Amino acid sequence: MPEYLVKENALADFFRELTQDRRLLTPQGQGENCRLEETDPSKVSLEYTNTHKSPKECFFPQTEKLLAFSKEADKPHPNEYRDLGDKAVATVIFGLRPCDARGLCVADKVFQNDRFTDPYWKGKYEKTLKIGLACLNPSPQCFCAAMGGSPFGEAGLDVLAYPRDKGLGLKTLTEAGEALIKTTKAEPGDLKSEIADLEKKAIEAQGPIDHFVAINERKIMELYKAPHWPTTAEPCLGCGVCTFFCPTCHCFDIQDEANERGGIRMRNWDTCMSALFTQHGSGHNPRPSKTERIRQRFMHKLKYIPIKQDGVRGCTGCGRCVVMCPANIDIRSVAALMAQTQAS
Amino acid sequence: MSNLDTLTQKIREKAKSLLEGGQADVVIGYRTGTVPLMAAPFFARTPQDCDQLVWSSFARLNLANYLPGRTEKVALVAKGCDARNAVGQVAENQYPKDKLFILGVPCSGQVDAAKVAAKEPRPIQTSEETDDSIKLTGPGYSTDLKKEDVLRRNCLTCAHRTPTLANELVGPEVPSLPTDDFSDLTALLAKSSEERLTYFKDLIKDCLRCYACRNACPLCYCPVCFVDETRPQWLGKSTDPMDTMTFHLLRGLHCAGRCTACGACETACPVNIKVREFNRVLDKTVKENWSYEPGLAWDQKPPLTVYQPNDPADFIK
Amino acid sequence: MNNPYLPYPVRIADIVVDSPDKSLRTFKFEFLDPEDENRFAYLPGQFAELSVPGQGEIPIGIASSPTEKGYVLFTVNRVGQVSSFLHNMKPGDIMGIRGPLGHPYPVDTLKGKNIVIIASGFAVTTLRATVVWLLHPDNRSNYGRITFVYGARSPGHLLFREDWEAWQKRDDIDVFVAIYKPVDGWTGKVGFVPAVLQEICPPAENTAAIICGPPIAIKTTQPVLFEAGYKPENIIMSLENRMKCGLGICGRCNVGPEYVCKDGPVFTLAQLNELPPEY
């Protein structure tokens, strides 16, 4: 796929052209106020580190109504659930960081797995074109390269953009991305070697990189039985902030809410850090203490997901959990401990 | 040697002697975090572990939170607020007094990461602390901040910066602050009840209901919190604003008269909600009605958990 | 697009109270749309979400066999909010079922083998379905000797009495039904399931065992099978974990990388030996 340029004075037009028949979401605001918002094409900013929350909520909102029923209606039948459908609208997101786009890919393989397709996710995911913004200066708490990604990573994106002379460099990555850029006045250009140089520099900015390769080589039960888990888990508050902010965490609870006339079935984000998450009706709990729950989270990210997704890890190195864990449980330290696990 | 270094050294020495002498099985303190502006909870079980213990102004979590349910003898590195919570837990039968050793640290206030971010919005790589200032570095820059400009709000009105009931203090008492007059609440309390409701609704509009505030709170030790009860289910599980408000109001009431203003809830909140606004009004109410402050006596029960014939009853009309 | 969250509407056709303490009831459902019965094509060992409007869903193993046409059966233990509500529903009420979910017992790969089926307590349900399916004239000749071992607390706790009494009269299945403690009037076997199995355990050669029951029964049955020479790959079990979606998405039922709902609930002991014991 080819590359394109957008000059500084053509940027506003470029964003207007992108949004001819779709809404535009871009990161707006700074720091903890930075979030993906519907944006006027003239107000797109390239000056942000990353959105505070991960972009998963665009496809998987924290609360989502799935079904409804009425106790009175004759049609379809009283008490018969009907599909509320997904509320997908054609969208282009500009400015996804490559770590987050990669996170969406991991979640997508869960929502559209080998046996079932989640229609609510799929509707929104497939109606959204994703333009990434590469990281020229990764933040100190970023570690995408350690997790197999790159500040110029392409996974999950239709187009990868990067800031270039106050304008943009673009690399189209999918047919849909190419078709979208063709609807704009972006000029063709050969940026291959420039991109390669910038990528190298951005990866070097992340410092010496440990890829924690030994985790891939250890067996599940070797990692599971490692002695460090109780110590790793001891400071955990069980709040689940790590999971709420994680771009790949996708767990949810299904709840009915009803009154005398009818009701809805919805899903809400849930977290494996909560004891109730796995507690059986009988009271038995397969993950009764925070040691099992912490182990589940890190094993899921670094071992279970790679087993199911051809080696791709469930951590993309976005750094949100590292920065936000109130007890400073740092996935980089935990990965290092896992990588030190002895073969049995 | 800076005061911080002296405190760190004293904590390590005392922690070692407590473990070696068998007076404690574990010392719960802080170590240097893996990210800037962070002192992380740390559990020292061997004398060698103790060399990782530190004191800093980034020790925002309340370590008394780790006491309930524990069977070991604990030496707790505690700020004034944390020590009062530990005393409160003893009074509320959550941890036995004879297993607790409070290693009190006179505290000059803890740094508010959000205030730091407001003054230095660029990504921060390292943070180094002296007694009065914090030096931040990031890609291509270095900034010095005065510590007093970035302290947490609750630390600015703290009534008991030196732990009151510690088994031992690791440093000299710090000067007391003027008595808290709750003057920061004047504007809020002047509002009509509708205006106040609007204020609180706006305060929690970003709440994710992750319950990090609850989980970081040493008062919230219930085995099953009312929000998690399923039979009956008191509260919906969605982000419905009414359910979210119910959570905050009820948690506020459950904590009334027990909160030591440690600020751990606000530290843990991932979306910077000023959770303590709920508690602060109640702190004022309890103090004015019962002249009560929590955690100042080993056997003192919170006023809302006991009845006395001379309790004020003006609210019954 | 087919929405896997949308239940098929069903009518409760019949409810049978199964245990003296009324904690077990077997529900017979009929699909409101006969076409849905075809869409709900299942095999023994699969489960479905019983969907009670306004209350929620519970995953329950299917107790009927697909060879039984016109209805589906589920035995429900009253433990939580949804099951308690369901226990108070009446024949004629409309609710939903969503499925079939999970993988069935590996009836295809078991062709040509002897099968010993071991059930404890009310976990007999999907094994009842399996026996009915195996004994069907279309299937019986594909399998060798079939042995059915079933135990429960008291005669009143033994489910599907008509079925196993009929099987006892047949000569193409060996049936051993036991209660744990002797009571007046009971002439069958007495003892826990492992003890009964030890007495009658068929030789391991060319034989697979399917076990279903509470964790303690599964744990104590395994040594008997090992002693008789059964290999872990020939010991088949069905796991239970807390579930919500049933589709391998919502995340809570995993045992290591495997979701009990989507990749199970049926696993061999050989598979489980490589996985964390989180069930």
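All chains are identified by letter, namely A, B and C, in their written order; residue positions are counted from 1 within each chain.
Here, a contact is a pair of C-beta atoms (placed from the backbone, for glycine too) under 8 Å apart; a residue touches a chain by one contact, two chains touch by 3 or more.
None of the values given here were measured: they were computed from a predicted structure.
Taking the mean of all protein Cα atoms as the centre, the chain whose own Cα mean lies nearest is A. Seen from the C-alpha centroid of subunit B, the farthest chain centroid is that of C. Here the largest set of C-beta contact pairs joins the chains A-C. Rounded to whole angstrom units, the spacing between the C-alpha centres of subunit A and subunit B is 32. Work out the mean CA point of subunit B and of subunit C, and you get 51 Å between them. Distance between chain centres (mean CA atoms), subunit A to subunit C: 38 Å. Across the assembly, subunit B contributes residues 230 that each touch 2 or more other chains.
Residues of subunit C found to touch two or more other chains are 80. Residues of subunit A in contact with two or more other chains: 253, 255, 257.
Interface residues of subunit A facing subunit B in the complex, by the touch rule stated above, are 30-32, 49, 52, 62-63, 137, 139-141, 205, 231, 234-235, 237-241, 244-245, 253, 255, 257, 266, 268-269, 271, 274, 276, 322-324, 326-328, 330, 332-333.
Residues 80-81 of subunit C are the ones that touch subunit B when the two sit in their complex.
Residue ranges on subunit C touching subunit A, taken from their complex, read 1, 3-7, 9, 32, 51-58, 79-80, 83, 93-96, 215, 240-242, 244-245, 247-257, 262, 274-279.
Chain contact summary for the complex, subunit A toward subunit C: residues 66-67, 69, 71, 76-83, 110-111, 113, 115-119, 122, 219-221, 224, 250-258, 262-263, 265, 267, 270, 272, 277-282, 284, 286-287, 292, 296, 299-300, 303-305, 307-308. Every residue of subunit B that touches subunit C in the complex is listed here, in rising order: 230-231, 233.
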